[in-house]
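Below, chain A partners chain B and then partners chain C, in two separate complexes.
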Partner chain A sequence: MIRYLVARTLLSVLLLLLVAVLTFVMIHLVPGDQAALWLGPRPTPEQLSEARQKLGLNKPIYEQFYIYLDKVVHGDLGISLRTKRAVADELRERFPATLELVSGSLLFAVSVGLLIGYLSAHKRGGLIDAISRVLSISGVSMPIFWLALVTQLLFSSELSLLPLQGRLGDEVLRHYPLARITGIYTIDSILQWNWTAFGDVISHLAGPVFCLTLSSTSLISRMFRSSMIEALEDRYVTALQAIGIGRRTVGSKFALRMAIIPTITIVGLTYGYLLGGSFVIESIFDWPGLGKFAVDSLLAKDIPSVLGVTLLYASSYIGINLVIDIVYGLVDPRIVRGQKRRIYYG
Partner chain B sequence: MILSRLYRSCKKDFIFFLSTGVVAILVVLSIVGPLLAPYPNDAYGEVHLEKKLLPPGLTHVFGTDFLGRDILSQILCGTRTDLVAAIITVGLTVIIGVPLGLAAGYARGFTSETIMRLADLFVSFPPLTLPLFLAALFGSSMFSLATALAISWWPWYARIVRSQVISVRENVYVEAAEAGGMSKIWILRKHILPNSISPIIVQVSMDFGYVILAISAFSFLGFGVKPPIPEWGLLLSSTRAYFLDYWWTMFFPGFWIFLAVLVFNLVGDGLRDLLDPRV
Partner chain C sequence: MKVGLKLASVCLVIVSCISLECRREEPRESALSKVEYVINWDMTAWDPSTSYDNTSVALSNIYEPLLWYKGGSSKAEIVPALAESYNVSKDGLTWRFQLRKGVKFHDGSLFRSSDVKASVERTVAMNQGASWIWKPLNTIRIIGDHEIEFRLKYPAPLDLIVSSGFGAWITCQKHAASRNSDWFMKGKECGTGPYVLKKWEPGQQIILEYFPDYWRGWTGEKFKIAIIRTVGEVSTQIQMIRTGQADIVRQVPFEILKNMEKDPALRVVKYPSFESVVALLNCRKKPTDDRNVRRALAYAVDYEGIISKLLMGYGSKPSGPVAKTLWGSLEQPIPFLHAPRVADSLFSAAKHRKNELSLRLSFAAGDELLTNIALTLQSSLRKIGVDLDLEVYPWSIQWDRAKHLETAPNIFLFYWWPTYPTPYEPLLGMFHSEQEPVYNLSYYSNKKFDSLIDEAHSITGTNRSKAAESFKQAQLQLLNDLPAIFIADLERVYVTQRRVGGFDPNPAYANVVFFYELNL
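And then the complex of A and B:
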């Protein structure tokens, strides 16, 4: 187990390093002058030579890479061209918003997905199974940007059930102010026993979470359904039923445990999809997180900021997959002994 | 042979039949869309302010947008853009992924390891993140968007081809060809590639819908296709300022994307059942 742990951790560190190499190479592949790129449109010649000096562009390439790596490791991602602040500070400020959105979505996708998958496996060909089948094929075909607009139109504009956008309403902000502790508003409002704010935070989360998770939820429910069916058809289930244990007990006590193992793998993949979806969803729902920041920066051609989000997303994705590999190794020892290999990153 | 199997499964499976038909219609539309559109000039930037924001009716089936342009015409003319962009993206992905997968599967040792670790590297970015970064660096146009998507997508194809090649290369006829002194390239081309290609066809048909989603999402956000080229995601994003008061401007373009992706996914599923003996 220790060997497996060390090997997997080393592999992740190696991947992180390669991600840094790749982004460095990409930046240097860009046609045109590096310094002009970092400065934005229409720089003066003095600015250019100053920037070249500052960026170390007159040094040899391996030295440049070393400096780049050193900066990235120490959290120095440069200055945002758009907001003129340190990219690292911008990211730190916005990180909790995206973390809240993505974790909430992951929680929702996994719990609802497992529930639907379980129910449809139990009554194959039944009503729930039929509905979940239609929902899942629609879910993966749904353009989430359209779904988000329809949600806004239907639930915010027509029915006035949900707020249109943002993380917290102005009214609540004024009368029930929320101090920033973790930056994750659901946790902050619970810590401060501020239930009005908590309700408001949840209602702001509902729309984005629903739109972000529809496809992941349907994916998880289909995967879990098939692994549940596989487990229910295993011979030990027949044996258990033969000795008189009821179908329901066998399903919920024994088959469920077997079926849940392959689903752990999907969690990593889902996390990736949620991060990818955050660009669109945060832009539409005006969610002040990393996804919206990346899109706004990209529209302003603010490369240091986009690079920052890219590195942060990639490293957190690698990190979560490491955690999942370790959990998977704990649950299924065959992986550790190398008899079985998890499909890496899905 | 494939055609007769296609015909038989169409007879058996009505949904597959229907979605194949709709895909065929979309392909035809991408060629003759501007001819069928009631107001083709509207899709390429013509403005009629006197007809702005008309609700759906007999003259404008899906209504008009804030510049008085017919929405149906814009959708019909946009079909070509989206399908062509998706074909370019998938084509580039195959061009990058398949040779690398062949090399990784046929050559053992260092080459294989290098290619596969490279593949691991590219998929360690969450989906759409690497294309976003590339769009920031290389500027946005339809072609650079397609390239960016292909660059982040090839590992999936390389992995599929590699695992297929590994099983094919153990066959006796490959050994015979090697013993007969045939060159590696010849063996790859004549024996290994034809026998490894069907999972790729399945994957392409399964991915096509997702590629359309990615392209329209990027155009929606403002990268990728630029006006006045008609494109579905772009059309949808142009309505963002006022769709809450004029629902049809947003509803029909998005529903159209949904239907297009849905039929491509259904055909992909059907083709998988047809070509993949494991399922």
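And then the complex of A and C:
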């Protein structure tokens, strides 16, 4: 297992390096004057020349990349040309917001998706299965931006149940301030026993999570339903039932474990989908995460910010897939040993 | 599974309860004592010396300059701010300001002339943002605790410069000593303005709280709390103003504004801005190097159509490069009408055969008005057999390509607004000869024009009416040479709740809402 983990980690580092090189080269191919971005709307030629010198833009690209990489290794991601703040600070402030949104959505999608999938498989052809099928198809079919706008109109403007946008209300900010511990407000409010803030955070989180997660929940539930049905129809299930083990026990203890493996793969992919979807959701709900920051930085050709965001996204995607690989190994040790999965019942 | 179902139900009930509980909670102060302004950009540039973007919306309420330029509905004039009065020498080189006494900074320290000296010298030394406005500055001499003298290298309108919305804010000496932005960029400030920066949530909102020791005092029904909220989506902004969650919004599309004008709960406040839409015509690139082609283009633009249909009446035909609301502008609208036949004959008179004409126009992506203007022009030209290729880029790329003659388009469509209220800035920026183009993207060069505006600028501080005449002559020269088409002067529009009174936007400080001036 350790050798497996070391190999995976080394591969991840190589992958990150490749991502950094590709992003650096691609963004430098796009025209645009970084010095002008640093200086603002109407720089003078003297200001431009001084800024180019200061930012090291007169150096060859390979030298700029080497300097950048050297700084990254030492934990310095540079200064954002657009916001004039350290990119590391920007990421530190914004990443917890995206992490909270994406992790909350993932948690919701996995728990609700598995629950619906399990119930649909057990009550195959029944009412629950039919309802879940309709909901799943609807969930996958609805464009995320449309769903977000309708959610705002319905739950915020018409029913006044949820806030329209943002992450925290100004009343809470002023009267029940939340000290920043992790930057994930749900956790911070619990740690500070600040239940007013907690309620406000949850109500702000509900709309974006619902919109971001609907499609993934549908996908996971349908995937898990199929895997579960396949597992329940396998011959070992018949054998277990023949020796007197109840159908429910077989389902929850044996078939569930077999059905969960393909679903884990989907969870990994879902994480990537949620990260991508967060760009849209963050823009519509004004969620102060990395998505909007990334789009603005890319449009402005703010190279240090774009590289910082890309590296962070790539690291988190690689990280979650590493975790999934480990979970694979724990659920089915044959995968780590490189054995074929269906060896016992081929 | 039953346990799972129960758990899910309990979770749903808890979330609903918390949500409802939050809504039931009574705010600690009346909602009437706060005002909320919704914008669609993030504010990050907190350094008063280098900030050169829309963070000015907040900075204008936190800091003050020596003088304000008063525009809006009243007659344009310069009014005292931190300086009570000023005088200028006959040669326009020495400016002496008498400063206000008893003014406090937000940290409690008293305002003195040393703060002015330190603030301006810091802006000059940092050489970023709008620091170029201080280019004429030679030395600053402290005469007394509340008197200061500026010596200039050449005559310049220092009264207008010190009233700039960028690069002219006065901060306390203690923080002006540092030549880096670190302290300010943490969302800290040391201004003398009516509001203190209470809380900054990047990408979400800033909360400004009234400064009890503000020198103008707090009498009458003024807002003690001002919230500036960042909301990216226009649809969300509209919902917020309609449901009363916002008090002031600015980004409402023109077609929706017409409906909002009928809403009794809302007030649509429009004002003529200093901003205009300009299409720079490349004078060194074929075929727009031919004056006949440039004139043909000027006659191909459907000015009235753009103003009535695209701007829905929230704009007017310009008189030249200087917006009509700014001093020194021409009185009459530009002498061009939408005349396709004239355009057609001028294209024919040009040295090029019409079917060989290939024109390129670039504009910034994501701007609906510029997109529609570009499409309108393309359609007008197509009717007379001229092809116009549209190139859409993010602003930084559009600008960068235009700065290099080989990649520059024939027509560069964009907005212009002055950093401080002088005709010199648009004329200098867009049309003064440059060796390497920065904003003179028409590549126009005319020594007579250059000397006219340079001379006018040098007497602006001492003889403004004579300066205005020279600026007008310079503009007539431009209308003859046509290095640009002046498409429209823009009106800017805000939508406010009716309960918000006293709102009079000042075109010299674009997008700024001066919360202190508002009342219930």
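Points worth noting:
Please note the rule applied: the second predicted complex is superposed on the first by the 296 of 346 C-alpha atoms of A that agree within 3 Å, B and C clash if a C-alpha of one lies under 4 Å from a C-alpha of the other, contacts with A are read in each partner's own complex, and residues count from 1 in each chain.
Criterion: a contact is a pair of C-beta atoms (placed from the backbone, for glycine too) under 8 Å apart; a residue touches a chain by one contact, two chains touch by 3 or more.
The structure presented is a predicted model; accordingly, all values stated were derived computationally and were not measured.
Within the superposed three-chain model, A:Leu15 lies in touch with chain B and out of touch with chain C [touch as defined at top]. Shared-chain residue A:Ile27: touches chain B; no touch with chain C. In the superposition on chain A, A:Pro143 contacts chain B only, with no contact to chain C. In the superposition on chain A, A:Gly199 makes contact with chain C only, while chain B stays out of contact range. Judged by the touch definition given at the top, the superposed model places A:Pro45 against chain C, while chain B stays out of reach. After overlaying the two complexes on the shared chain, residue contacts for A:Lys84 are found with chain C alone; chain B is out of touch. Touch criterion not met for A:Leu101: it reaches neither chain B nor chain C. In the superposed model, A:Asp286 makes contact with chain C only, not with chain B. In the superposed model, C is the one of chain B and chain C that contacts more residues of chain A. In the superposed pair of complexes, A:Tyr273 makes contact with chain B only, with no contact to chain C.
Under the contact criterion defined above, the residues of chain A that touch both chain B in one complex and chain C in the other are 30, 149, 152-153, 157, 283-284, 299, 301.
The touching residues of chain A, when paired with chain C in their complex, are 30-33, 36-48, 50-51, 82-85, 90, 93-94, 111-112, 115, 118-119, 122, 149, 152-153, 156-157, 160-162, 164-171, 173-175, 177, 196, 198-200, 202-203, 206, 283-284, 286, 288, 292-293, 296, 299-301.
Taken in their complex, chain B has these residues touching chain A: 117, 120-130, 132-138, 209-210, 213, 216-217, 220-223, 233, 236-237, 240, 243-244, 247, 250-251, 253-255, 257-258, 261-262, 265-266, 269. Contact residues of chain C toward chain A in the complex are 1, 4-5, 8, 15, 18-23, 25, 27-28, 36, 42, 44-45, 47, 50, 52-53, 127-132, 135, 181, 185, 198-199, 201-205, 207, 225, 227, 229-233, 235-236, 239-240, 242-243, 245, 365-366, 394, 396-397, 399-401, 403, 407, 419, 429, 434-436, 438-439.
The touching residues of chain A, counted against chain B in their complex, run 15, 18-19, 22-23, 26-27, 29-30, 137-138, 140-147, 149-150, 152-153, 157, 271-273, 275-277, 279-280, 283-284, 294-295, 297-299, 301-303, 306-307, 309-310, 313-314, 317-318, 321, 344-346.
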